[in-house]
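Supplied in structure tokens, the structure appears directly below.
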Amino acid sequence: MSNLLGHYNYWIVIVLMMTGFYIVIARPNLIKKVIGLFIFQTSVFILFISMAKIEGGTAPIIAEGISVYSNPLPHVLILTAIVVSLATTALGLALIVRIMEAYGTTNEDEIHVQDEQD
Amino acid sequence: MLLANLPALQVVIPLVSAPLCLLLRNPRHAWAWATLVSTMVLAVAVMLAQRVYAEGTISYAIGAWATPWGIEYRIDMAGALMILLIAAIGAVIMPYARRSIRHEIARKHITLFYTSYLLCLTGLLGIVVTGDAFNLFVFLEISSLSSYVLISLGSTRRALTAAFQYLVMGTIGATFILIGVGLLYMMTGTLNMTDLAQRLPEVTDTRTIRVAFAFVTVGVSIKLALFPLHIWLPNAYTFAPSVVSAFMAATATKAGVYVLLRLFFTVFGSEFSFTAMHVGEILMLLAFAAILVASLVAVFENNVKRMLAYSSVAQIGYTILGISLASTAGVTAGIIYLVNHALIKGALFLALGCVFLRLGSVTLKDMHGLARHMPWTMAAFVAGGLSLIGMPLTAGFISKWYLVSAVLAAGYWPLAVLVLVSSLLALIYIWRVVEAAYFNVPGAAMHKVKEAPASMLIPVWLLIGVNLYVGIDASLIFSMAQQAADTLIGQALQ
Amino acid sequence: MKQHWLVRPGTIRLLWVIFLFVLALTILASLTTEVHGWFRIDGSFAFYAWYGFLTCICMVIVAKLLGRLLQRKENYYDRD
Amino acid sequence: MTGISAIPPGLPLILGALLLPLLGLRIRAALVLGLPLLTLALIWQIPDGVSLRFTFLEYQLEPVSGDRLSRLFGTVFAIMAFAGGLFALNRARTLELVAALVSAGSAVGVTFAGDLITLVAFWELLALSSALLLWSAMTDQSYHAGMRYLVIHLLGGVILMVGVIGHIADTGSVTFTSMALDSPSHWLMLAGFLLNAGAPPLSAWLPDAYPEASPTGMVFLSAFTTKTAVYVLLRGFPGADILIFVGLYMIFYGIVYALLENDMRRILAYSIVNQVGFMICGIGIGTELSMNGAAAHAFAHIIYKALLLMSAGSVLYMTGKRKCTELGGLFRSMPLTTACGIIGALSISAFPLTSGFISKSMISQAAADETMAMAWFLLTAGSAGVFLHAGIKFPWFIFFQKDSGLRPPDPPLNMRLAMILCAFICIAIGIWPAPLYAILPFPVDYVPYTRAHVIEILQLLLFSGLAFFIMLPYMKRTLTITLDWDWFYRWLGPRAINGLTQVLSRWHTHRRTDFLRHLGHLFGTLFLYHGPRGILARTWATGSMVLWVVILLGVYLVAYYF
Amino acid sequence: MSPEITLLACIALPLLAPALITALHRWPNPREAVTLLTSGGLFLLVLSLHHLVLQGTRPAINIAEPIPGLKIGFEIEPLGMLFALLASFLWLVTSVYSIGYMRSHHESRQTSFYSYFAVALGSVMGIAFAGNLFTLFIFYELLTLSTYPLVTHAGGDNAREGGRMYLGYLLGSSIILLLLAIVWTWSLTGTLDFRAGGILEGTVTPGVASLLLVLFIFGIGKAAVIPFHLWLPAAMVAPTPVSALLHAVAVVKAGVFTVLKVAIYIFGIDFLAQVPATQWLTYVAVATILLASLVALRQDNLKLLLAWSTISQLSYIVLCALLITPLGIVGGGLHIVMHAFAKITLFFCAGAIIVTTHKTRISEMNGIGRRMPWTMAAFTIGALSMIGLPPTAGFISKWYILLGAIDAQQMFAVGVIIISTLLNAAYFLPIVYTAFFRSPKGNMEHGLKDTHGEAPVAILLAITVTALGTIVLFFFPDLPLDLVLQLAGESK
């Protein structure tokens, strides 16, 4: 039991990830899909950050009296990943704008219907 | 000095030139700039490949930070072959792009196109040269994001939805890889691939590593469009601008395969990947399905571009089939297949781009009697098609030959039959085009159609020429592929 | 139409008589030669006469019986 | 080795014949009569031994190789070609004459062939030209009969060829010499030879084919094929015991079937089988006397059978009728034909003073000398039977019997001349056998005309005659034919092949339809899933794609995690 | 010129000729002159090599090696020499014939016709002189592809249907089965060179060898062994010169030639004897001989009949290859030549009839021999040769086939050849009879009026040459015989 709860951070990650997936899979609205995707990515960030945390460690700033730091590398990486994720989201939304212009809807089902009629 | 920094230059040149390109508002200037850059990239790639061929694996520390703390660029034979391929395709399509892009993309977007193209090139080259797992993810995303843009520039609105779907899938795939890398880091504390390879064997029994492996496998499968995760590919290729289809087909999925080779062989080691995780069997099964299903779909397809897209899915299946054997012969065959298919599919998509330029359509019924009006284009298409089928004296034959003999050597003769049967399917779908273009009576609208401009034909025939050359003398590509395979499998043995 | 002399019944009767006479003559003639048979029975009296006569009768009968079995209408092979 | 003697004597006939269609009427006639005489001259200057040799394939061929036996047969073939030519002159189609002369040439070619390859070559040519001869009658019946004839003879030819090849493979020699029946290849050769001789079971080709030839054609046909076979048997298989039985079978087969027959020329065809039976029996006995007898009988038989067929041919030519039931009483208007027919009939029956008498008795004498009781008794009975079926039956039903009302005159001059020529030869040989005996293969010390022998033969024949007239009521002609072994290839064979091909084609059609239907189903199924709108090809919703990703990930995780 | 250069010239000449032919497409006479000169020149080139081969020289040259050990190279050995001589000579004759045929038939697209024809012949030369199985395979496929446009020359759905079948069968069988066999052989032995005595012995178990043999025999679809035979009747939609040269000589003979090469140089006769499948495949060949003849019996379309007869005759050669005796090889090699001359004559005649009378059915040909005596006389010679009667070439090859069968103690095969002889007679001779003996009156009833005469001179010339050739080869078979005997000597 402690094992299960001990890794509560994983559970958060998994829940977030599944939420994201669910939105991407189940919602026909493209914007919602992008949001779902974002949530999914965020779950990964949390995974990285949480695993960098060392109990009792502080921010990795060299200061006196402190010998335990959290691992700084994941933070760095995730900063990069967040940038990537933001870029993705931005691009996705930009595409949706174009799709809205071209199809007049952001509902994937309707888009599909229109495509079939072409 | 310059020579010593070649690995960095390989990536830095296109990376830096991309924003510069954005500053050039005039499409012609943007094109000239992109052409110049891609030529330089090719020059660098050739020099690098020569060095690797002569001296063996190159290791380069970015910013002189020593590994494993700094980011390492590491180019072995497989990498050299890949950068050569990517750079060459990138350079060859540039002369072609000018006319084709002017025809297919709105003028205001053209600069954007070349910028994205340079970024995409950066990403693909980066994927190959980097020796750092996280860096790999970054480059993967750079190439992916730019390719979403490239695809969305297609002339119909469906390009937008195709790009969007690709975006969703690509992001999930990349994120999976990221998760895998994160878990690996968690267990080993390093991101350098060589380092990872050395530390992993101690912890391979953990579930974390297994989970990491699962995520990585799925993520890579999405990127390289392995059945059944290939669904994004047909639309993306069909609705993208012709140049983009050619470029993507020749390089993007190939880079995906390269990532797979890198991770399975270099990082996890073939011992773990294939013996413990049985990924070989799974991949073989998926490859089998990919070859059969995609070939069949291609047979029924009436849109030639879509047909070629599905054919790409099948061809990826072949490549994976070779790799899944996890033997030197198999991996060699896989790599040769990868390179040759890049040459073939590049040429075919480019030829089809010529058709689209003149005809405005690439459906079979519009192509009736086309060969009389566009003889050189269609001849190139036929030559490429024969290569795709695997006719002797073409590159396609060489790759099929190695693949079949590798499969036979591994004792899977039913698979060899499958490869040959699907070659027959390839024959059928290529033949449908040939029959339409050569043996059908042209429609009335055909009169206005004339041959494509030389600037487009020359790149096409350049690729076809390489195809035929490889078909006659494959010793260079074979020795490179074999070295690459040896290095990949040899690393696992260390 | 006048009948040909050869087919007049009288002539035919005459021919029969002559024929039988000649038959008798050959039998008598065989008395004048010494019979030297190779196989005993062929040395018997007027062997050739009766042997020829009997075998011929046999052959006709055999043919007749065989004909019962094998004879078919003329167009047997040409039908259908 | 060189010079005239190296010319294959059959060659002028064959090549000359091919010229015929190109020539005018007079020259053609001269050629038809002249070529056989030229051949005769060539034959008589060929020395004993091989006079022409050359290499063909890997073998030494000896296409011209003479001895007494070949000269004897060559002579009679040449005479026959002349007489037949005379009979057919200006009456037969040019094609028929070409075919006739080619077949005569081939027959001569066979008789002088010193090696087996030449033999086979001329053998096949003989079969071909004979078929052509049949076809030149230009009737539907002759076409079908010709096809059957050809197929049977090609069968014989190829069996012979297999035998020859086997012989060459066994011995390495191509020379045609006498052989023992000690290997399968020799048996095959014997079979090939016997097929041409009209031996059982495939004897039916003869009465099936010959009577369908033109009136003139059958005269030629009767002479060459069977007698060539007799020649090769004489040379190749003298004294082979099995030939005695084969010969005896043929004798009685011929008699019985002839007795049942209605068609006049078919009667004569059966009697060919019967007569060849005597010869083959003689060959089987294998003594010098019996071989001489067989050879002499072949010589005599060719002439008198030609004579019989000429008379029958004349009747057919003048009346257009060929069935006993439709003929009769012709002696009134065709006296010469009747006389010649009777001379032929007497000859075939071996009446004293005719050619048959001096040849046939040699064979039964040989049987007696060898104390072959069964053979002797049967041969004697056969001799009686000959008179029964050919000697009396033929002239009786054609020329006498009832009056059919037909009053055709005697045939044209050339036909009459030909008949007279043959009749003359029959009688001449019968009266003066010495010249014939002189050219027989072995020295002859046989004296046919002893008082006892003459009386015995007269008894035998006359009492058979008595039997004929007594049994006449039982021999009423009917409009029938008699089944023979040919039933197998005329009735059963075609139906079997027809049935087979029909079954095959139906099976094939079924398979094809099945196949196409399955293919259609397969195609439909494939199209359903793979076609442009199929599940595997159409554009999926993003959600479904991602769902697949999740599913696949789940599968991997489950597989790897546990 | 050194022999090697001549060898290359033999292959290059016909492959390059289309350039000139296409360039001259506006001027028919010079265009046809190019075809004639090329074919004539090719024949002379090939002829100039044959003395060398008879002396035992084996000119050889390698031009490329795409994969280490996998060479594109040529080597002349007796069988290839024979095949090349045959094909080049008959090409010359067919060229004359084609000119007559195409012009009097007013065919369209004659330029492409002659071009593809030349390419096809170049492929045949490549097959004949191939120094290894790989090279042979390349030209084998090239031959298929280059003949497709010829098969579909007529255009229209019918031609397209036939062409699809042609292509489907030939490419399908060769890609799936033959290529598999070739790659397998390569992966077993590491070489594909033609070597006297074979390359497989000692490297495979009899079971695998059986499988390989089956793959080879069926994979070589051009040999038309049942069930891979249907392409041949389908290909009859082609113009007759194509049917004549390609489907009596070049394509089908390339198939059986390959079978012989595989039997002699890949398996080796001695090793073949140890392969269990040999016996089994013999039965397949025999079934092909008989069934195809039975089908031919029922044909009324003359060209189809000839096609089925070809299927039957091809299996003679396959049978020869499986007799596993040098004499069988001799028979097979000779039959390639002898059958070619006879069958091309027959096809020529069929084409002459089509051009002159527009008749394709035998039942419409009553009495045609009276109006076209020359043509039908040649047909008769061809027919006699098919049956194997002297004095025609068919007799010679039948002789050696039988010799081989007897030598191999295959009495079964002997029996089949006997039956097949009869069947050949049964379907060929009625045609001869119909042509010469049946009254043309029957045609009138069908509303057909016969006003035609003989075929055009060019056609007659070609027919005469091949018909005479059929007879001359009977009397002087030395050239082919010497070559095949040399071959048999080497394969012992």
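Order of writing sets the labels: A, B, C, D and E. Residues in every chain begin at 1.
In this section, a residue touches a chain if its C-beta (ideal position, glycine included) is under 8 Å from a C-beta of that chain, and two chains touch if they have at least 3 such contacts.
No experiment lies behind these values; they were computed from the predicted model shown.
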Problem set entry | Chain nearest the overall C-alpha centroid of the shown protein atoms | E
Exercise. Looking at C-alpha means, what's the farthest chain from chain E?
Worked result: A
Seminar exercise, completed: Contact-pair count is greater, between A-D and C-D, for C-D
Seminar exercise, completed: Maximum distance between Cα centroids and chain C occurs for chain A
For this session: Let me have the rounded angstrom distance from the C-alpha centre of chain A over to the C-alpha centre of chain C, please.
Result: 124
For this session: Could you please state the distance in Å, as a whole number, between where the Cα atoms of chain C are centred and where those of chain E are centred?
Result: 66
Exercise. Between chain A and chain D, what is the gap in Å from one C-alpha centre to the other?
Worked result: 101
Exercise. Counting in whole Å, what is the centre-to-centre distance of chain B and chain E, each centre being its mean C-alpha position?
Worked result: 45
Seminar exercise, completed: Expected list for chain B, residues touching two or more other chains, is 164, 168, 172
For this session: Note the residues in chain A that touch 2 or more other chains, in rising order.
Result: 24, 33, 108, 115
Exercise. If each chain is a node and each touching pair an edge, is that a line, ring, star, complete or other?
Worked result: other
Exercise. Could you list each pair of chains that touch, in label order?
Worked result: A-B, A-D, B-D, B-E, C-D, D-E
Problem set entry | List of chain D residues in touch with chain B within their complex | 526-527, 530-532, 534, 536-537, 539-540, 542, 544-546, 548-549, 552-553, 556-557, 559-561
Exercise. What part of chain B is in contact with chain A in the complex they form?
Worked result: 134, 137-138, 141, 145, 148-149, 152, 157-158, 160-161, 163-164, 167-168, 171-172, 174-175, 178-179, 182, 185-186, 191
Exercise. Considering the complex alone, what residue numbers of chain D touch chain A?
Worked result: 539, 541-544, 546-547, 550
Exercise. Along chain B, where are the residues that touch chain D in the complex?
Worked result: 164-165, 168-169, 172-173, 176, 207, 210-211, 213-215, 217-218, 221-222, 228-229, 231-232, 234-235, 277, 293, 296-297, 299-303, 306, 310
Exercise. Any idea which chain D residues touch chain C in the complex?
Worked result: 252, 255-257, 259-260, 262, 329, 331-332, 368, 371, 373, 376-377, 380-381, 384-385, 388, 400, 403, 451-452, 455-468, 470-471, 474-475, 478-484, 490-491
